[in-house]
Amino acid sequence: MSLIPYIDHEHPVTGVTNAKFGIWLFLASEVMLFGALFSTYIILRTGATVWPHGYEVLNIPMGTLNTAILITSSVTIVLAWAALKMRQLPKFKLYMGLTCLLSLIFLVIKYFEYAAKFHHGYYPATNTYFAIYFVITGLHGLHIIGGIVVNAYLLGPGSKMYATEPERFTGRVECAGLYWHFVDLVWIFVFPILYLL
Amino acid sequence: MSSHDSPEEIKKAVKLYIGIFVALLFLTLVTVGVSYIHLSVGKAVALALFVASIKASLVALFFMHLKDERKIIYATIGLTGVLFVFLMSISMYL
Amino acid sequence: MSASHGHAASHDEQIKHTLEHWAHEPFWKKYIFSIDHKVIGLQYAICSMVFLLIGFGMMLLMRWQLAYPNQPLPLIGGILGESLFPGGVMSPDTYNQLGAMHGTIMIFLGVVPLSVGGFGNYLLPIQVGAHDMAFPKLNMASFWVFFIGGMIMMFSFLAPGGAAASGWTSYPPLSVTAQNAQSYWLVGMVFLITSSLLGSVNTIVTAIQLRVRGLSFMRWPVLVWAQVITAFLLLLAFPPLEAAGVLQLMDRLAGTSFFMPSGLVVSGEVLQVSGGGNPILWQHLFWFLAHPEVYVLILPAVGIVGEIIATNTRKPLYGYRTLVYSMLFLGFTSFIVWAHHMFMTGMGTTLSSFFQATTMIISIPSVIVLTTYLLTLWGASIRYTVPMLFALAFLPMFAIGGLTGLPLGLTASDIHLHDTYYVIGHFHYVVAPGTLFALMAGVYHWYPKVTGRMFNETLGKIHFWGSIVSINFIFMPMLLMGMMGVSRRLYDQTVYAHGAAGQSYNLVMSWGAWALAIFQIPFIWNLIVSLKKGKVVTEENPWGGTTLEWATPTPPPHTNFLHEVEVFRDPYQYSPNRNLLPQFVKE
Amino acid sequence: MNPTPYPLGKLPLDISTHGAGIDQLIVYIHIFMAILFVGWGIYFLYCLFAFRERAGHTPQLEEKHFSLPKYVEVGVVLVEVVLLVFFSSPVWGSYKNDFPDRNEALVIRVVSEQFAWNMHYPGKDGKFGKTSPQLMDGTNPVGLDRESENGRDDIVTINNLFVPINRPVIIDLTSKDVIHSFFLPVARVKQDAVPGMEIPIHFQVTQTGEYEIACAQLCGVGHYRMRGQFIVKTPEEYATWMTEQEVELANELGDAPPAETAPAAEATPAAAPAAESNSEEEGK
């Protein structure tokens, strides 16, 4: 119907669909966004007179659990995509559902972590360590929320597209997956620098 | 990617994903475990970033299919990588 | 094309079908929340021109205070209210608000949306032979996000304490301690940045993926190249500022100290913040964006000028490939010169040597770009249309602006010139008689294509000659005043002896600015009245252009093209017998 | 009277020892810019005239190659390299690095605030007393602790920077609130004053007179009137002024008036040379 080509099949020269190229460009900009925050982290840390060790003020078991959860959700979403590739819609729904569930659990744990910080009187204004901690994890959390919205859409109303344009739908899931892996990837760096070092 | 479309290929890929998953969990435990030893700052940073980079590479190469992606995606990432280095260099100036 | 409609033959059918469908869409879907890139392009263009006018208006008020310090503004001073203009005289705080917002509006709400949002949106898909942008809905979203950002900026004037007043650069700690709408400014910026990010993803994907058959990269019109490079700059340079904006917002709202060092004493009180932050960090993050940003301001202009020069010299562009490589190099290098804005912050010699060197290096591709345009003129048959006049004027004006960048890029001379009017003169030469003239050239050049009417030639020439003369009376004295060492952002420079010595220049500049304003009247009049009264243009190619936009019906329908198009050759080819060899004509 | 130090449209008078290098660079680079602009400008105007569209004139369509512009471009590169390496870098290098001996030079702390310049002289002992943000208020703008070891004799002035000619001056520049920029147009000195950092700069001036300190960085509503006096005196006049200040301070604090000659008893060895050089000048 559409006059816009390469929505559901790859461009012969570039070898990618529009959406996939688009999502990679978007991720490129995200790299620069988090890069600026990591740069800030280094500067604040090297310039600080006191810098608490993450393990003194943060809850490492909770952080580890969250890391594991996020990694698991990354696997489930890639499995969801693989299921679609094999044209198994129920399996897709199962894995996508799991992904959403895991990401919600991540947020719940994050909520308890934040609550514990506030309870101990640690706020962003406490020192530069907590300032950057709250900003990076907060922004990361917003990315998680964004991902949940997209994934839930693809799981629910969005999946109607599977009936008419399965290729295009699979492509969408792949893009959502790429984004989700990226969010996971950011966490893989955030976890050691904030919690462990 | 058309070359990976066949169900057998996908099945193989799924096995691989599970393997990567296990590796990622393992590496997570490694970093966390090491953090309890309280190494000197330099060593701790080097080790933590090293492990994190391996994990990130695994995610990028396999989950994000970067292992066999198109030139145009590599180009995008390459450019971003270089500019990312410029951006991180800010932290050396202050 | 798309898999379900395998054959090319059915393509024309599909166009017909789409057009019929579009004809039955309700008004709001066609013209307000539209997904048509041309409508979105025009929305961008109109909004940004209004913003340009507003930004200019603010400066006209400021120019009164500069020329006649502390004298009540005639007629309007009283109307503008006691809080901003006590006794009809602009207050210093109002001056700072207007100054900061002039810079912000001109750059982020005026020039960028016009050149990227307006020209980019309208022309780029057509020039690559596409029927629309790759992601039409995203395109619509990026306009409306821009619009919201713009409104937040405008309404910040009504906030308690007035609009942001810390300069467009918003250096902390000043911007953090300021009791005004700086937070609105930051939120507004986050919207504008988000809009730019969405837009640039769209631009890049459209240009690369939706190229029509035969259009290899090296056959892209220069404007497409310029837009794509610009899009990459926006995509990769803006996010650090977005991050920095969030950090500054946290400093203001959550009491963090990202940019606040310990031990600050503001008006005799020790500031209650945790401290430990670094104000210079903001400058690095800001200029990491803002230097690439200045090339965002110039590159689309360079592209527009290229198109117009190629069309009106009736010969191929000289050194197309060199031009493209220069622009690529320019884009890339623009990421490693940012600290030349910060030489006076206490930077050591190693770092400043690096940034001096890169700054000198980046001037070379600009020289090459200008040189290719100048060499195109050799042996041409120059047709002095109104757009061509503006495009030609761009060359020496950009040259003055660019050349005056050199003394600023050398640390030793920057000691004296940094943060004086010399800097103001430098960049206004590049953005006002440079970029702005190029944009005006573009407006005239594509006016008949977009509206189907020709503008009035005489009014256009009055606009041109009036503007080129008066604008030099504004910006040339700035360079001289900068030599005298007069600082920028001064509400009243006569406080200083060296400022008072240069005050006569302010009279020249202000009268120049007001004259410039008067000469915009024929422009605005022309644009509006010609919509109804202009000579009707029915031919597809009124100027004899060679790129794909001249293959569309005038004005272009929703699908841009009525038939499938194909590209057969490089842009800007002319053959001796036909005088014209458009890209889209098979021969 | 002397001609104005601020001729219209020109660089202001230069009274510094390092400024000539800066001015020379500015002049040379503008000559270079003018040559490029006029050269290309003549070519440009010629083209506009010679290649205008007219009956019987046809454009030349064959690909032409010009080699002259290449040489021009290479020339531009060379000139830029020369200016950078031989004119800018040496001046900048000595401006940033070649500091005079702190014991020889006159060291002054300058603490900027919205919207004033506070000058902190070390006084007789040549050493600064302790300062702290907590002590800063209207009467004690630099937060000097008079009870601290070297603080009792420190001189603080507001908006008036007195320096003698022909003696190196080091200024340790900082700010207590926002970023300002310390600009001495006639001495070709400019440096941002950044809170949380103390940045040293140095210069030497050769001509007496009353000049200005300008603030070059937007710092709030009063930025435009953040003007200081830059008062350059002969060494004798400077010494007299300094003695006046010392007497005034002693009266204020209820101390015994300072003795005619230094050094003060408690001066540590490190401060002695500075104190000596002070007295040397007084002797002249």
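Note that the chains take the letters A, B, C and D in the order they are written out, and that residue 1 is the start of every chain.
The working rule: contacts are C-beta pairs under 8 Å (C-beta built on N, C-alpha and C of every residue); 3 or more make two chains touch, one makes a residue touch a chain.
Because the structure is a prediction, the values reported are computed rather than measured.
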Of A-C and C-D, whichever chain pair has more C-beta contact pairs: C-D
Subunit A-subunit C separation of Cα centroids, rounded to whole Å: 34
For the pair subunit C and subunit D, the C-alpha centroid-to-centroid distance in angstrom is 35
Centre-to-centre distance between subunit D and subunit A (centres being mean Cα positions), rounded to whole Å: 51
Whole-Å distance, C-alpha centre of subunit A to that of subunit B, is 14
If I count partner chains per residue in subunit C, which residues reach a count of at least 2? 208, 236, 240, 278, 280-281, 285, 288
Show the residues in subunit D shared as contacts by 2 or more other chains, in ascending order. none
Of all residues in subunit A, the ones touching two or more other chains: 14, 16, 21, 25, 28, 32, 35-36, 39-40, 43, 47
Who touches whom among the chains? A-B, A-C, B-C, C-D
List the residues on subunit C that touch subunit A in their complex, please. 1-4, 14-15, 18, 130-132, 134-136, 197, 200-202, 204-205, 208-210, 235-240, 242-244, 246-247, 250, 254-258, 273-274, 276-278, 281, 285, 288, 559
Which bits of subunit B are touching subunit C when the two form their complex? 72, 79-80, 83, 86-87, 90, 93-94
Listed in rising order, subunit C residues that touch subunit D in their complex are 91-93, 96, 165-167, 171-174, 177-178, 261-268, 270, 275, 278-280, 313-316, 318, 344-346, 348-349, 352-353, 356-357, 360, 363-364, 367-368, 370-371, 374-375, 377-384, 392, 395-396, 399-400, 403-404, 406-407, 410-413, 415-420, 477, 480-481, 483-485, 487-493, 495-498, 501-502, 504-505, 574-576
Using the touch rule from the top, collect the residues of subunit B that touch subunit A in their complex. 2, 5, 7, 10-11, 13-14, 17-18, 20-21, 24-25, 28-29, 31-32, 35-36, 41, 44-45, 48-49, 51-52, 55-56, 59-60, 63-64, 70-73, 76-77, 79-80, 83-84, 87-88, 90-91, 94
For the complex, which residues does subunit C have touching subunit B? 208, 232, 236, 240, 278, 280-281, 284-285, 288, 335-336, 339, 347, 351
